[in-house]
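Common to both upcoming complexes is chain A, partnered first by chain B, then by chain C.
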Partner chain A sequence: MFREILRTQWKWSTIGVVVGAVVAFALPLMTVQGAGTADARWIEVRQLLDDQRSWAQWYPLLALAVGLLVGTSAWTNDHRVRHVYALTLPLPRWRFVLLRYGAGLVLLVAPMLALAVGAGVAASAATVPSGLHAYPVALSIRFALAVVVAYSIFFAISSGTTRTAGYVLSVVGAVVVVQLLFRVSGGSTNLLTAIFDRMVTWPGPFEIFSGRWMLIDV
Partner chain B sequence: MSNAIETRAVQRRMNKAFEIRDLALNVPSGSIYGFLGPNGSGKTTTIRLLLGLLRSSQGSIALLGRSVPADMPHILARTGFVPERPHLYAGLTIGEAVRYHSAFYSAWDAERAESLRRQFRLDPSQRVGRLSKGETGKLLVLLALAQNPDLLVLDEPTDGLDPVVRRDVLSALLDYVSQCGATVFISSHLVHELERFCDWVGVMDDGRLVAEMPMGTFKNGIKRLRVLDGPAVVDDAPFTLLAREPSDGVSAGEIWVVRDWQASMSQYFERVGASLREVVDLDLEEGFVELLRTFRSPNA
Partner chain C sequence: MCSVRVASRMNARLPAVGALILVCATASGLHAQDAAQYRDKVDRLAARLEAVRAQVLAKDSIGSPVDTVRRGPLRLLVRPERQAFLAEVADITWDTLATMLGADTLLILGSHVFVHVADDSRLRLPPDVGQYRIWRLGEPRDVAADLARFIVHTIWEGLDATLRSWLSNPAGLDSLSNTQAEAVYVDLVTAPWELVKACRAGDLEACARSLDLEVADDTVSLWYTAEEQRRRVEKGGGTWWDIYNRKLPDYIGCTGGDDAACSVYLNQHRWMIGAPLSASARESFLRVALEVGGEGALGRLARSEAPATGGRLSAAAGVPRDSLIALWRDRILAAAPAQVIITGATGWTALAWVLVLAFLALRSTRWRNP
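What follows is the complex of A and B.
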C-alpha cells in the first residue's frame, strides 16, 4: 500500500524532487567558488564570509520551494476529484493521510542527501582560511529540518478544503484589518511585525528558516 | 432474509430547497436492487450517505451488517463503488490505476482484473484522463469487480454510454453477480434498463422513498384499465386508483391507472354497474411515471 502511494507521489512530484536535488547538490559547491587560501589575508577572509552570507539566503528558500512543491502535489489530484476516491478506499482517513505524508518525506530524502553530499564535497574541496571552519553536517541537518517543516506546513494547508483555505485567509485578513484600525486610531502597536517576529524566532514554526545558513563560518 | 443495506429514518438537509427525509431502505442480500428516480430526486445523495461521504443528521445506516460511518473501512473493503462522476487520478495510466487500487484490497482478484481488461479492450498504457466516457465507465466497473465485493454500489454506471459499451458493462456485472452472489445496488433514471435484470426496485422522488417492492410486484401490480360507465366516486375499490383520465378518443371509456391489481378484482366493476373493457400491463417505465405522478399530486 505504502509502495503504491509512494509511486504515485513520485509521479506527481518528480520535477520538484529532481530539480530540488540538483540545486541542493550544486548550491554548496557554488558558495565555495573562489574560496581563499589557507593563509588568506584579513580582507580576503572578510570577502569570503560576505560571499557565504550572500549565498546563505538561498538555502532556506530552496527548502521552502522543495517543501512547497512536494507538499502541495500530494493533494492536487485528490482535490480534482473532491477526495471521493481517497474517502472510498478501505482505510481510515488518518492512516491514508499518514501514508501520504510518509511518502512525501521519503521523496524529500533525495534533496536532503544531495545537499549533504554537495556540502561535503564543497567543504573538502575548498581551502578554508585559518580561523574559519566548514560546517557541512550542521548545514545539512538545518536544511533537512527546514525542508521537513516547510513540507509539513504546506502538506497540512493543501490537504484542507476550499473552506479551510477560506478560514485561513479570513484570519489573515482579520489581522490586517485590526492592524489598519490600530494605525487609524493612532496606536503604535505593529501587529504584523509582532506576529512575523513570533513566527521566525524560537519557538515559532519558522525559526529554522532564520539565522546563519553558512557552509563556511567563523 | 437479511439486508445488505438497511437505513432507518435517515435525514439530511442539503440546502434550503432539498433534503433527504425519513429514508428507510431495505436492500435484501443477494438482490439486484434498482434505485430509480428522476434527476435531482436524491439518488446520488443517498449513495453518498450510504458510503459515509456525507453524514446523516438523523437516523441509522447499516451496510453488510455494519454501522455507517463507524465501520467504514470494513464496509468499504467489501464494497465496490462506481460513482456517477469518475473519481480516479487522471495522471495515472490504466495499468498504474489498477495497481494502485489493488494495493488497498486484500481480496483483489488479479486474474479477474486482467480478464476484464482484455474483455473491455483497455490499453494499460493509456492515461486515465484521456479515456473516453465509455472507457472510463469500463475501468470503474473493472476496479469495482476485481476487488471481489459482497456489495456493489453503482451510481448511474451506464449513464451517457453508447449501447455497445452499456451492454458490455452490464453483462460483466451480471456475470459477476451470477458467479459470486453479490448484492447490487444500482441507481439509474434509465428505467427500461433496470427492468431487465433487477429483482427489487426502490423509487425516490424529492428526497423521499416513494416505493420499495419486488420488481415482479411493481410490474404486475400497476395496470391501465379501460372502463365504461365508471362511477363518479371510487371509494371502496379493492385496488388503488392512481389516475383517471377521459377517453383517448380512439376507444370508448375512461382510462384508469391502478395499483395492486389482481384479476379477481374485475368483479368490482360489475358491482358498481360499470364495464371493464380492457386490462393493459404497464412496463416499468410507465408504472414509474404513474407512480411519480400520483406521489406528486395525490388527489389527481
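What follows is the complex of A and C.
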C-alpha cells in the first residue's frame, strides 16, 4: 500500500522534488564562489561574509518552496476527484493520511540529501579564510528541519476542508481588521508585527526559518 | 528660548522652511590648559558667540522673522513656523552632546561657529561660519542625529594631529552598537596576524599594539612578525605605486629574504598597510572609552597630554589602559554572532511543531463532513 501511494505521490510531485534537489545541490556551491585565500584581508573577509549573508536568504525560501510543492501536491489529485479513490480503500482515514504524509517525507529526502552533498562539496572546495569556518552539517540539518516543518504546515492546510480554510482566512482577516481599528482609533499597538514576531521567534513554528543560514561564518 | 525679530523687509518669496543652527564653540586649541586659561577661553567664546550671532541676525538676506531656539551653546535660528519642530531637534541634539561633552561643552564646541541652513539657499552667512544643510525635515530624532554627527565630526577635526591620524574620521562618537561590535568581532577573529590572535587569546599588550595605542619608531615590527612583513610586502596590491615600488632596493631586498629590508620598506609605506586591526576596531575602542568615561569624556580626551593614544583614551575613560582594553575585548567577544548551528531548543521545537501539524492533518473532518 505504502509503495503505491509513494509511487503516485512521486508522479504528482516529480517536478517539485527534482527541481528542488537540483537547486539545493547548486545553492551551496554558488555561495562559495567568492571564497578566496586563507590569509584574506579584513575587507575581503567582510566581503565574503556579506556574500554569504546575501545568499543565506535563499535557503529558508527554498525549504518553504519545496515544502509547499510536495505538501500541496499530496492532496491536489484527491481534491480533484473528490476523494473517491481514498474512500474506496479499506483503510481508516487517519492511516491513509499517515501513509500520504510518510510518502511525502520520503520524497523530501532527495532535496535534503542534495543540499547536504552540495554543502559538503562546497565546504571542501572553498578556501576558507583564517578565523572563519564552514558549517555544512549544521546547515544541512537546519535545512532538513525547515523542509519538514514547511511540508507539515502545507500538508496540514491542504488536507483540510474548504470550511477549515475559511476559518483560517477569517482569523487572519479578523486580525487585520482589528489592527486597522487600532490604527484608526490612534492606538500605537501593532498587532500584526507582534504576531509575526511570535511566529518567527522561539517557540514559534517559523523560528527554524530565521537566524543565520551561512555556510561559511565566524 | 528667546524670540528675535530681524529688522528687515518681509520677503514672501523666500521658502517657508528655513532654519539656522548656530553652535558656538572653540575648536582651536583643544590641547591641555590650566583653569585660568580655560576660564579666559570660555569668556572669549561667550563674547565670540554673541558677536557671530549678531552678525548672522543682522543679515538682511534672512528676510523674515526668525526665532532663536537655545540649548546651552547650541543656537537654532528658525522660521517661526518651524520652531516647534526644531525645538524638538535641539532638545535631542543637546542631550546627545551634553552627555558626551559634560562640563566641557563650551570648551569642546569651540571657536568655530556652525550654521545650519534648511533648504534656503539664498541665505548669505558670514564667511567664517561653518554651514550644515538639512536637506529633508523628517523625524526630529533623525535630523538631530545627523546634526549631532556633523557637530561631532567638526569637533574631531579640531582635535590634534595624533588623534586624527590614529582615526581619520569617526562615523560617530556615541555608544558602540551591537552591529558595530559584531563587525569588529569578525575583524578580531579573522585577522590572520599573530598579534591579533594573541589579543583574541587574552594578551592585552597584543591588543594595545593591534589597536595602534603605543608610540614606537619601528611600529611595523611592533605589529607584524618578520614572516608577516614579507607576506605584506609580497601581497602589495598590484596598484600603480606598488608596481613602481617593486624597483626599490628595500623591496627587492625584502622579497629576497632580508628581514631588515622588509621593516624599512613597510615603515616607509605605513599608510599602505596600517595597524593589524582595522579602523572600525579603533573606532569601537574610542566609543567604548567615551562610554566608560561618561560625561565629559571627550573633554578629558582633548585635554590629555599623554604621548600615546592609549594613554589619552585611558584618561578619557578614567580607567587604566589595560582595564579599558579588557573592557573593550570583553565587549567585542560578547558580540559574537549566532551561528547557523541549531540549538537543542530550536531543533526539538521544530520537531514538536511537525508532530502538532501532522496530528492536525490526521484530525481533519473532511471525510466525516465533506
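One rule holds in what follows: the second predicted complex is superposed on the first by the 218 of 218 C-alpha atoms of A that agree within 3 Å, B and C clash if a C-alpha of one lies under 4 Å from a C-alpha of the other, contacts with A are read in each partner's own complex, and residues count from 1 in each chain.
The rule is short, and it goes like this: a contact is a pair of C-beta atoms (placed from the backbone, for glycine too) under 8 Å apart; a residue touches a chain by one contact, two chains touch by 3 or more.
Owing to the predicted nature of the structure, the values given are computational and were not obtained by experimental measurement.
S.K.: Using the superposition on chain A, decide if chain B and chain C clash or fit.
M.R.: fit
S.K.: Counting touched residues of chain A, say whether chain B or chain C comes out ahead.
M.R.: C
S.K.: For A:Val128, select first, second, both or neither according to whether it touches chain B, chain C, the two together, or no partner.
M.R.: The answer is neither, since A:Val128 touches no partner chain.
S.K.: Is A:Tyr85 in contact with chain B, with chain C, with both, or with neither (first, second, both, neither)?
M.R.: It touches chain B, and chain C stays clear.
S.K.: Does chain B (first) or chain C (second) touch A:Trp202, or do both, or does neither?
M.R.: second
S.K.: Tell me the contact category for A:Ala116 with respect to chain B and chain C: first, second, both or neither.
M.R.: Neither: A:Ala116 stays clear of chain B and chain C.
S.K.: Name the contact category of A:Arg3: first (chain B only), second (chain C only), both, or neither.
M.R.: In the superposed model, A:Arg3 contacts chain B only, not chain C.
S.K.: Is A:Leu62 contacted by the first partner chain B, the second partner chain C, both or neither?
M.R.: The answer is neither, since A:Leu62 touches no partner chain.
S.K.: Tell me the contact category for A:Thr164 with respect to chain B and chain C: first, second, both or neither.
M.R.: It touches chain C, and chain B stays clear.
S.K.: With both complexes superposed on chain A, which partner does A:Ile153 reach: first (chain B), second (chain C), both or neither?
M.R.: So A:Ile153 only meets chain C here.
S.K.: In whole Å, what is the nearest CA distance you get between chain B and chain C after the fit?
M.R.: 6
S.K.: Considering each complex separately, which residues of chain A are in contact with chain B in the first and with chain C in the second?
M.R.: Of chain A, residues 82, 87 contact chain B in one complex and chain C in the other.
S.K.: State the interface residues of chain C toward chain A in the complex, per the touch definition above.
M.R.: Contacts found on chain C: 183, 185-187, 189-192, 231, 278, 336-342, 345-347, 349-354, 357-358, 360-362, 364-367, 369-370.
S.K.: Mind pulling up the chain A residues that touch chain B in the complex?
M.R.: 1, 3-5, 7-8, 11-12, 77, 80-82, 84-85, 87-92
S.K.: Which positions of chain A touch chain C when the two form their complex?
M.R.: My answer: residues 38-40, 42, 45-46, 49, 82-83, 86-87, 93-94, 97-98, 101, 129-132, 135, 138-139, 141-142, 145-146, 148-149, 152-153, 155-156, 159-161, 163-164, 202-203, 205, 207-208, 211-215, 217-218.
S.K.: Given the complex with chain A, which residues does chain B contribute to the contact?
M.R.: Chain B reaches chain A through residues 51-53, 72-77, 81, 83, 85-92, 96, 99-100, 103-105.
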